[in-house]
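All chains are identified by letter, namely A, B and C, in their written order; residue positions are counted from 1 within each chain.
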Amino acid sequence: MTPILETRGLVKRFGGVAAIDGVDFRLEPGELRCLIGPNGAGKSTFFKMLTAQYAPTAGQILLDGDDITDEEPSEISRRGVGIKNQVPDVLDGLSVRENIWIAARGRHDTAGADHAVSEILERLNLGPLADRVVGKLSHGHRQWVEFGMVLAINPRLALLDEPTAGMTAEETRRTAELIREMNRSMAIVVVEHDMQFVRTIAHRVTVFDQGRILAEDTMDRIQVHPEVLRIYLGTSGHA
Amino acid sequence: MFARLSETQSVSLPPALWWTAVALALAAGLAIPSFTGLDVHLDLSIIFIFGILALSMGFMWGQVGMLSFGQTAFFGLGGYTYAVCSLNFGETTSAMLLAILLPAIFATVLGYFMIYGRISNIYFTVITMVVTIVLEKAIRATSDESFVIGDVWLRGQNGIAGLPDLQVPWDPATTLFVTEVYYLAFVLMMAVYVGYRMLLRHRFGRVLLGIRENERRINLLGYDTRRYKLAIFAISGAVAGLAGGLYAVWGNFVAPEMMNLNSAASVVINVIVGGKATLLGPLIGTGVVQWLTAWLGTAGVGQVNLVLGLVLIGFVMLFPQGILPMAAGLGREALEAARQLFRRRDLAAAALRKETNS
Amino acid sequence: MHEIVIHLYQVMFAIGIFVLISLGLAVIFGMMRVINLAQGEFIMLGAYFCLFATQLGLDFWLAVLCAGLGVGLFGILVERLLIRFLYGRIMDTLLATWGLSLFMVGLVTSVFGPQEAGVDAKLGKVTFGAYSIAEYNLVLIAVAGALLALTFAIWRYTRFGLVARSVMQNPTMAAALGVNPRKYYMLTFGFGSALTGVAGAMLAPLVGNQPTMGSFYVAKAFVTVISGGPAPLTGTLYASTLFGATDGLISYRTTQVLGEIGVLLIAIVLLRMLPLGITGHSARRA
């Protein structure tokens, strides 16, 4: 089966430093994968390269077998890739409804967008906040708005960078539920630090370290992988 | 922050209310000529024409976040297009249409290089200014008799005078006189205002608002923001060209001053004084500044530049939101202060009652 | 043969003019990221300082120095009264300095009147075959080169330059090391203004000086600095060479306006290809 996402020898250098240093990554259609690794391992940079926010120094990115390495962010989005960035990346001066509507309107006609917006507002419990200006909302709520934007473009591949950062325990639980639900219709890659959260949503995990893939296996085996324990779990003590 | 909020609110102003306000303004504007003289018609017409120009600039700046100093270049180009074409053709309808079309094409070509080159916003601003300066110099350099387009000599810094009045498209024998030009300028200004406003309610306009807020996010949602920015730059070039054509009709005259730096500055001043957050701001600002400039002229202040410079500095430093949101803010504050006062009085009365009771 | 030399001279002269009018802006915009739209009026002020000083009977070269000093001090005043409130607000800086430019034109017009006035540098001509070249123009080329070298040396090799560079790159870090960043912003702005003042004085004998003369230079100066890119001094040198050569050759063969249009067209195409400017790909700042 053609992987939905594949990278070959991906490299990104900033000045002399290699943030991503030869990454070969494969994701099967419909898969839910977690990326873990210490800070500065290159996870966010990897996401930014997949969505053309950074141009690779070397290597290839393939989506459904098509080379998208040199495409524009908007083209990649149109191919069905949605991203939630690490810091809530929303339209601060506009209302919650407008944020999600603009996202939805790119894939639907006006009536379809209106319909999608009300559905998403309901699904994310954002209804009461629909006409509030996003910039005035809490960090957690802005995270939800960005989730709403990703849902609104109805991607085939969603990239979620630390979706639970700044969320309460209850919100984190709901996020896990939402991600599993989204996974029924799309492939998902999640960058996450919270090991408990990772265990609840994914069974296959990729470990990044110093811009490279250190290990890739099921969560159970990753937890006892000696290298991983040394660089990551051993020092953080989460597991 | 305040500007953004007020804009979001104004976009979601109940349409019924907004249409009523537009209808009232339209009725008032159409009624004015019947009880005023020709001089008033002339003075108001030019305010409407500069209002159109200010809208073309204010929309891009306030709603999209693109600060173009090139609107006067398109304005001048529109004026000169009308001049050259109307004199050559002996017919004004196509001249006016070309006065809109040519600046739009020029904006598209220029915009392509800037926007698809992905130069930053600040460079966009500076390049549009530089283009304006160079275009003005180019026109000024045409005083030699060899600079002729068709039968029309461009006359360099002297400008071209004696332009034909605008003909009624379906009846070329009839031309528009002062009061008819007033009606035309007023209706077109309202049309441009309503048009820009309608734009904001639709997909294209919403995406533009999104670009102002976070261009990267809009790209990641699948919109090629360059196309949107280029489109609005071309549209606003056309609107500025329309204003330029009307200006040529209004005075039967075009000159390089239409596109010099002072004209460019006064457009910016009109917008910033009124406030760029709303579409009403540039119109209000144009009215206020035009009136102020006229008053300064008659008051014998020799150097209008000096005053305009201070006004610009003052607004940027002290009132960057402009007078419209400021007035709204003051009104709200006054209301709040009154409410506080009453509340305090009630509290005092209550306290007094309590004291007397105990 | 003479033809080639005279062309070379024309090009060098045009490059010299570009360097002169852009250098102060390169310091202020290129290094501090402060847009000073009144750059043209700072040039105008330099020319008027020179004009005024020579009318008082001062020697021309002393007048040039006075202009540098005077506009430098004026720059410091502007930084204290205006610019320092606007650091980090690049669009507002641009608008406020535009206001400043209008204000300066208005002020100088009301003091000196709108008419042109000339300055005589009292230098002769050298004849070269069938051509004669004004000595002053040769001196101007030398002065432009010397100012560029001087700025480069100050920026690269003096303590002031070192500290100023570190302040521009990381004000917080510099402040933590005991440097007062505000002082260096002020002095750098003053330094850039002084360079612009000298440029204005050097241009004074070449043109009819009038309050609106700034608009003749502001476009060229910005095009040069923007096209130069992130390394302001080397960028200014490269861009001045490119545009000076273009302008010199076109203007010499046709008209000045066509020269300027040529420069603008090249700049716009250049920015389409290299949005970050000529030095956009070299990470080093100098």
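Following the convention adopted for this analysis, a residue touches a chain if its C-beta (ideal position, glycine included) is under 8 Å from a C-beta of that chain, and two chains touch if they have at least 3 such contacts.
Owing to the predicted nature of the structure, the values given are computational and were not obtained by experimental measurement.
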Exercise for review: Quick one: point me to the chain whose Cα centre is farthest from that of chain C.
Suggested key: A
Review point. When the mean CA coordinate of each chain is compared with the mean CA coordinate of the whole protein, which chain is closest?
Key: B
Review point. Which chain pair shows the largest tally of C-beta contacts?
Key: B-C
Point to revise | Centre-to-centre distance between chain B and chain A (centres being mean Cα positions), rounded to whole Å | key: 43
Review point. Quick one: chain B and chain C, Cα centre-to-centre, how many Å?
Key: 33
Study note, to complete from the structure: When centres are defined as mean Cα positions, the distance from chain A to chain C in whole Å is 49
Exercise for review: Name the residues of chain B that each touch 2 or more other chains.
Suggested key: none
Exercise for review: Two or more other chains in contact with one residue: find those residues in chain C.
Suggested key: none
Study note, to complete from the structure: As the complex stands, chain C meets chain B at residues 35, 37, 82, 85-86, 90-92, 94-96, 98-107, 109-110, 215, 218-219, 222-223, 226, 255-257, 260-261, 264, 267-269, 271-273, 275
Revision key, fill the gap. Counting only contacts in the complex, chain B reaches chain C at residues 67, 110, 113-114, 116-123, 125-127, 129-131, 133-134, 137-138, 140-141, 260-262, 265, 268, 272, 302-314, 316-317, 320
Check your understanding: Inside the complex, what are the residues of chain B that reach chain A?
Key -> 1, 4-5, 7-8, 12, 203, 206-207, 209-210, 212-214, 216-225
Revision key, fill the gap. Within their complex, chain A touches chain B through residues 51, 53, 72-75, 77-78, 82-83, 89-95, 98, 101-103, 105-107, 110, 131, 133, 135, 149, 153
